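Below you'll find a set of structures to go through.
Look at the two complexes coming up: chain A is in both, with chain B in one and chain C in the other.
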Partner chain A sequence: MNLDIRTVAPENLREEMLRLRREQKMNFLETLTGMDWGEEGGLGVVYTLESTETGERAALKTATTDRENPMLPSVSDIWKIANIYEREVYDFYGIKFTGHPDMRRIFLREDWVGYPFRKDDEPEKENPLRMTNEPLADVTESYVLNPDGTVVKETHPIFEEGEYVVNIGPQHPSTHGVLHFRVSLDGEVIRKIDPVLGYIHRGVEKLNESLTYPQTLALTDRLDYLGAMQNRHALCLCIEQAMGIEVSDRVKVIRTIMDELQRIDSHILFFSCLCQDLGATTAFLYGFRDREKILDIFEETCGGRLILNYNTIGGVMADLHPNFVKRVKEFIPYMRKNLQEYFDIFINNVIARNRMDGVGILSLDDVISFGCTGGTGRASGWHNDVRKRMPYAAYDRVEFNEITRKEGDSFARLMIRMDEIKESLNIIEQLIDNIPDGPFQEKTKPIIKVPEGTYYTAVEGSRGEFGVFLESHGDKTPYRLHYRATGLPLVAVMDTACRGNLIADLITIGGTVDYVVPDIDR
Partner chain B sequence: MLFDFNVISQWLHGALTSVMPEWAAILTESILVALAIITLYAVFAIILIYMERKICAFFQCRLGPMRVGKWGLLQLFADVFKMLTKEIISMRQSDRFLHNLAPFLVVIASMLTFACLPWNKGAHILDFNVGVFFMLAASSIGVVGILLAGWSSNNKYSLIGAMRSGAQIISYELSIGLTMLTMMALTGTLQISEIVEQQYAEGWNIVRGHVPAVIAFLIYLIAGNAECNRGPFDLPESESELTAGYHTEYSGMHFGFYYLSEYLNLFITAGIATTIFLGGWAPLHIIGLDGFNGVMDYIPGIVWFVGKTLFVVFLLMWIRWTFPRLRIDQILALEWKYLVPISLVNLVVMAIVAAYGFHF
Partner chain C sequence: MKKPNIKSIPYEEFKDNETFEKLVAELNAGGANVVVRKLDDLIDWGRSNSLWPLTFATSCCGIEFMAVCAARYDIARFGFEVTRNSPRQADVILVSGTITTKMAPVLKRLYDQMADPKYVVAIGGCSISGGPFTKSYHVVRGVDTVIPVDVYVPGCPPRPESFLYGMMQLQRKVKVENFFGTVNRKEKDPFAKEAVREKEKEIFSEEEQA
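Entry: the complex of A and B
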């Protein structure tokens, strides 16, 4: 959808944000995107907000023309997730947020020179390939704005002297990728977690600024590789909406089925990896056995198993394989039957229950403030399913339930995924028999230029709301293409969820909040 | 009827003393016995690792090793040679002496315990009147090796793993001691050969002691599994939390010793369960079926012992490949809140059963 953005001056920003938070109950900070509008527009931030109570949405922007020492007020005390988002903006644009408690780089190396997302920055010039290990700071900085307008820089230690700090990652079997937690321990009890991100940061958003629209599609599958279909769907949808392309019914239904298959695939992998993390290796392979069936279905139609490259602007890459319908119809009863095995071998096991019940409880306020969408949010009772909130593709014509639970513990997060597998099977079952005829691809111009404007489109990814924020200046490349990563809020919430729990619980909680690292680092 | 190994040992002793003085004969015998232990130790480690890989594969809808030799039979030999040729890496900042000593302590402990097993009638290596007591004492040396490994590696994962291991093994030794005590109340002797002889004559202990013996057997299996640091009690090395726990920093054959002793401890735990509960080398006898019993007696004791032991090993592997891992507080709660009180009550029950002759 085209965003209607209201401009707010930096000095009024906090006041306006507090008003929105209090009066309009805007408790969900959906995205916080750094922007460089050049010399005139300055460096700024675009915020999109939503009220979980009324469903009302708002978009605001603020900017400063000071390129030497840009400062904007922080909103990290209003929405907890802003803490990480503002660090990302600081990392890429060098905007310092006054009042932010922890102004460090987040994805790039700490010895990186310059701010690569600024349009006038030349990242290659001062950043040769460094042959030394990345230094990790033990102190962090914050900028405090005094009432008289002066700014004071303060430094704080991240960990106190003599704390027993253990590195979980970057190479660790249970971080599900190259993720690094610095964990302060008191015996086996976790006192604090400091996530260190960016080990597989590939600068996807920066790359996008020099790629044509069809080229940008290729990178989406490599963000959350367990949500490849949905990610690419989101970007295609965003570009199609911006250009006013209406895809055929056939494409809508195909995309819906593919998204749901991908969701089942992701949830099965979630289950498998959780079993592996908790030491139940046999259940792990049961999951992989079933996931294989989905990958086979994908392979026939898309040619790929993990990186699918299926959606395109205006349709899908190729028509469905003749076997597709038959295979999917075989899979539905097969999966329903095998799902029971998961319960028999793992979920109903007394040890598994004891490891998950009441572990890592997240309150409703916390998940909303951290923006933990997807199963993690729904396990705490937050109705955040994009398929219901802002229906797209064929979701308005199928019957399905949005699964939510109240407990907010690890077991609830697991059960949400198990129930969602059933719901996804129901959705597929409703659609598979009547896939409408029609073209699988709309004709588009050879060179795609998106009309000027700012657009935001979200789909329900495998692990939450995957959003595409696109600012176009009418060129054949995007001016700014930002993804609302589903995993970043999930990593941000780890500290809150894990404090006071045991080190073994860190693994359980990490497994059940279900992040995928390439999606976090982008 | 049953084959008696004493025949062979006496023949050997006689043959040796006829060609050399008494002391030299005993020395030669000791060396032969030592060689026998080491060979058996290695052979059983290989059998168990192969068995574990195949069983775990079948549980997980896989085939396991298939490429090296028929059904992957030579895979393990290839693995052993690989292990032997690997470099032993010594690290800066570690306590070199303790780091190198630790694996040997673990292996020595498991070999000493291994030597206590009764393989056949007359085929015991260590057998004296406080045999069970000695076995418990020897097996608990292993924990020192694990603690030293964690401490000397100067690695935080290793240290946490070693501390977990210490807490776990020392706790569960209590249960093992209590179940042993329970069974000793029934048998009235601590000498391993006598315990088995008694079962040969009067029936397996698990049948003789009925209810308290079955309870003791179950507790022993749980605690024994925990002693071996195997799933669901594998949290000293829980790979998904501590990468490899106390042996993270070991390589080559030093790691190999931990690996060997893990499997041998599994065999020993099962072997002790066989000896104490399932009659050791005593064949299956059913009262009243004399013909059947006679046939059973033709099967040598060593086959009975190894067969029963591998059956218990299979039970333990079944458990390992089914259950998820416990958490440290749950492991300690299970021991101190459930197993120890139950064992204590069970001991009293068994004492009553034994004193009033309620057993078979």
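Entry: the complex of A and C
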């Protein structure tokens, strides 16, 4: 959708944000995107907000023209997720947020020179490949704005003197990728977690600024590779909406079926990895056995197993394979039958239940404040399914339940995914028999130029709301293309979820929260 | 000329026999003692059939690696059965996924922690050359700039079949190794440059002082 952005001066920002939070109940900070509008526009931030009670949405922006020492007020005390989002903006644009408690780099090394996302920065010039071990600071900085307008820099220790800190990662089999947690322990009990990210930060958003629109599509599959279909779907949808391309009914249905197959694939992998982390290797093999069936279906139509490259602007890459309908119809009863095995072998096991029941409880307020969409949010009772909130593709013509639970513990997060597999099978069953005829690809111009404007489109990815924020200046390349990572809020919430739990539960909680690291780091 | 026998693929069906033969010729340029070579064969036979990979994955290729380890493709059939979580117990590191500049020192350290003999397989476009991210400011263009690579497996991500093919190529390389050595054993390690060694010494002495 085209965003209607209100400009707010930096000095009024906090007041306005507090007003929105209090009066309009805007309790969900959807995105916080750093921007560089050049010399005149300055450096700034775009916020998109949503109220979970009324469904109202708002978009605001603020900017400062000071490029030497840019400062903007922080909103990290209003929405908890802003803490990590603002650190991201600081890392990429060098904007310092006054009042932010922890102004450190988050993705890049602490000795990185410059701010790579600024349009005038040349990151490679001053940053050769450093083979020394990365420095990790023990103190963090914050900038406090006094009433008279002066800014004071303060330093705080990250961990107190004498605290026992254990490093988990970056190379650890249970962090699901290269993720680094600094965990402070009191005996076996977790006191604090400090995540260090960026070990797989590839600068996808910066790369996008020099790629044409069809080229940018290729990188979306490689963000969250277990949501490859949905990610690419989101970007295609965003560009189509911006350009006013209407895709055929056939494409809509194909995309919906593919998204749901991908979701099942992802949830099976989630189950397998969780079992593997908890030592149930047999269950891991059971999961992968069923996952291969989905990959077979993908392979016939898309040619790929994991990176599918299927959606295109205005349609899909190729028509469905003649075997597609038959294979999917065989798969639905097969999966329903095998799902029971997952319960028999793992979920109903008393050891597994003891490790998950009542562990890592997240409250409803926390998941909303942290913006934990997807299964993690729904396990705490937040109705956040984009398929219901803002229906797209063919989701308005199928009947399905949005699965939510109240408990908010690890077991609830596991069960949400298991139930969603069933729901996804239902959705596919409703659509598979009547895929409408029509072209699988609309004709588009050879050079795609998106009209000037700012757009935001979200789809329900495998692990939450995957959003695409696109600012176009009418060129054939995007001016700024930002992805709302589904995983970043999930990592941010780990500290809250794990505090007071045992270190062994960190693995269970991390497994059930279900993040994919390349999606976090982008 | 020795033609190593690999389970499941006859020698003629490998696609790069010329390169391989050149490599073997280079290795045995000075000739090898018959007895010693026989002992070598025995050791290589043992090693090549129990290469334990390190559980290491940074992105997409890691998921395919899991698929290769799972039931349908079952890497255990060829002796790579146990993935090790500690580099100290692993023989081969499969670099599956993009290596960023922040990750590079970590990868180097992992490699250094592995016990000899150790092997590196670069899986996928990213670890071979940077792949689709080659223009990025934060990506290492080829993992061979950081650690020496034995086998490259192209693909994005490679199919499980090419994973297995790459692993068998590695087995072939292991099977012609000279453990007791020929003239080549005196050759200097091209990756351990003098400057690096001195730096390491400095770090060690600093650590000792601390």
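Note that in this section the second predicted complex is superposed on the first by the 522 of 522 C-alpha atoms of A that agree within 3 Å, B and C clash if a C-alpha of one lies under 4 Å from a C-alpha of the other, contacts with A are read in each partner's own complex, and residues count from 1 in each chain.
Operating definition for what follows: a residue touches a chain if its C-beta (ideal position, glycine included) is under 8 Å from a C-beta of that chain, and two chains touch if they have at least 3 such contacts.
Treat the numbers as computed from the prediction; the structure is a model and nothing was measured.
Applying the stated contact rule after C-alpha superposition, one finds that A:513 touches neither chain B nor chain C.
In the superposed model, A:268 lies in contact with neither chain B nor chain C. Shared-chain residue A:339: touches no atom of chain B or chain C. Shared-chain residue A:285: touches chain B and chain C both.
By the document's definition of touching, neither partner reaches A:251: not chain B, not chain C. In the superposed model, C is the one of chain B and chain C that contacts more residues of chain A.
Once the two complexes are laid over each other on the shared chain, residue contacts for A:173 go to chain B and to chain C alike. When both complexes are overlaid on chain A, the residue A:431 reaches neither chain B nor chain C. Contacts of A:134 after superposition: chain C is touched, whereas chain B is not reached.
In the superposition on chain A, the residues of chain A contacting both chain B and chain C are 172-173, 284-285, 289. For chain A in complex with chain B, the residues that touch the partner chain are 164, 166, 172-174, 185, 188, 275-286, 289, 345-346, 349, 351-352, 354-355, 502-507. On the side of chain C, the complex with chain A involves touching residues 55-60, 62-64, 66-67, 70-72, 85, 87, 97-98, 100-106, 108-110, 132-133, 135-140, 145-146, 156-157, 159.
Across the interface of their complex, chain C is touched by residues 107-109, 116, 123-124, 127, 129-134, 170-173, 177-178, 198-204, 206-207, 210, 218-219, 222, 225-226, 269, 272, 284-285, 288-289, 291-292, 295, 305-307, 517-518 of chain A. Contacts from chain B toward chain A in the complex involve residues 56, 59-62, 156-157, 160, 231-232, 234-235, 238-241, 243, 321-330.
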